[in-house]
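By written order: A, B, C and D. Residues from 1 in each chain.
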């Protein structure tokens, strides 16, 4: 089952700047071989369900290991069985209609 | 790693009423032995990381098997290493301050 | 336009405990005359669009005034034109099918 | 109060393809003079609180006017008082640390 997800991790108890934690997650996602796109409020991720969720678990483990005592993550998960669709397909589908 | 999550599944392509799909997810979560609380915009879930995510995957598989060609899920995931905290603890912690 | 919303405010830069900020938001929502239900990962809110969003703006203003330099909020917004539906209707609709 | 938001509208009861509704929202956001970035699971929006929320309300009104009887929207809202930060600043802050 292929997934297009959107991940936004928020470490708590480490001050206002969270970019170094997000950067570590980007590395984890890339090392997992997942397609990603970093935007201003999260990261689009494309891949097989198990690979995506295994990487997200590693992100939580890593952020805690870096010293953040608490994490609140928002995740969107899109799956479809009618056809395959890439992240780029989704964007193009909208842009063609603007 | 214990998780307090909040799950909101939205099947697409099956009309405006989605309650029968949500009801099936409730059964899956309960059968997985997870603590849950159904509210008006999702379901709180409490349990071990792997048990929670295994159940969420089953929800997607079940909703597709019921005929929904597309699903868009919103998920919140809370983990903490500083102390254990139940769903009820979180609510009480707020209510004590109102 | 009536709205059923789900609000989860996360103040950043104020440590791991955020319950006192959430408690202030509960007061703001109640004082605005909105129906609410506090759960373990946010608050369901029911009311007219403008009343709901005016209250949410006040929540951000209040949390900043309490000293939080940064806030990241997750909000779900449900509207429908086919029929009226309360928060309790949504829950009952699922529970009847379990 | 400046906001960086992330908007994901999901019309229900109109089939699996939602891109034409998203495209209309893009037009509304652009016509409101807001900075936006369309990604694969939503749209980043930057602007003044009232301008952003006025545009989001117009999106719901427009999608209903196009015939969608139900909408479920996910929204993230970021505000900060410690410093100004653009969408591009947020991305650069992460990329500099990868």
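Basically, a residue touches a chain if its C-beta (ideal position, glycine included) is under 8 Å from a C-beta of that chain, and two chains touch if they have at least 3 such contacts.
Since we're looking at a predicted model, the values are computed, not measured.
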- Count the C-beta pairs in contact for A-C and for A-B, then report the pair with the higher count. A-B
- Item | Distance between the centres, which are taken as Cα means, of chain B and chain A, whole angstrom | 19
- Distance in whole angstrom between the CA centres of chain A and chain C is 25
- Message: Multi-chain contacts only, two chains or more: what residues does chain B have there?
- Response: 13, 16, 69-70, 72, 74, 76, 78, 80, 82
- Query: How is the touch graph of the chains shaped: line, ring, star, complete or other?
  - Reply: complete
- In the complex, chain B residues that touch chain D: 10, 12-13, 15-16, 18, 69-70, 72, 74
- Note on the structure: chain D residues touching chain A in their complex are 4-6, 8, 16-17, 19-20, 22-23, 26-27, 37-42, 44, 46, 74, 76, 78, 80, 82, 87-88, 90-91, 93-98
- Query: Which chain B residues qualify as touching chain A in the complex?
  - Reply: 1, 13, 49, 53, 56-57, 60-61, 64, 69-82
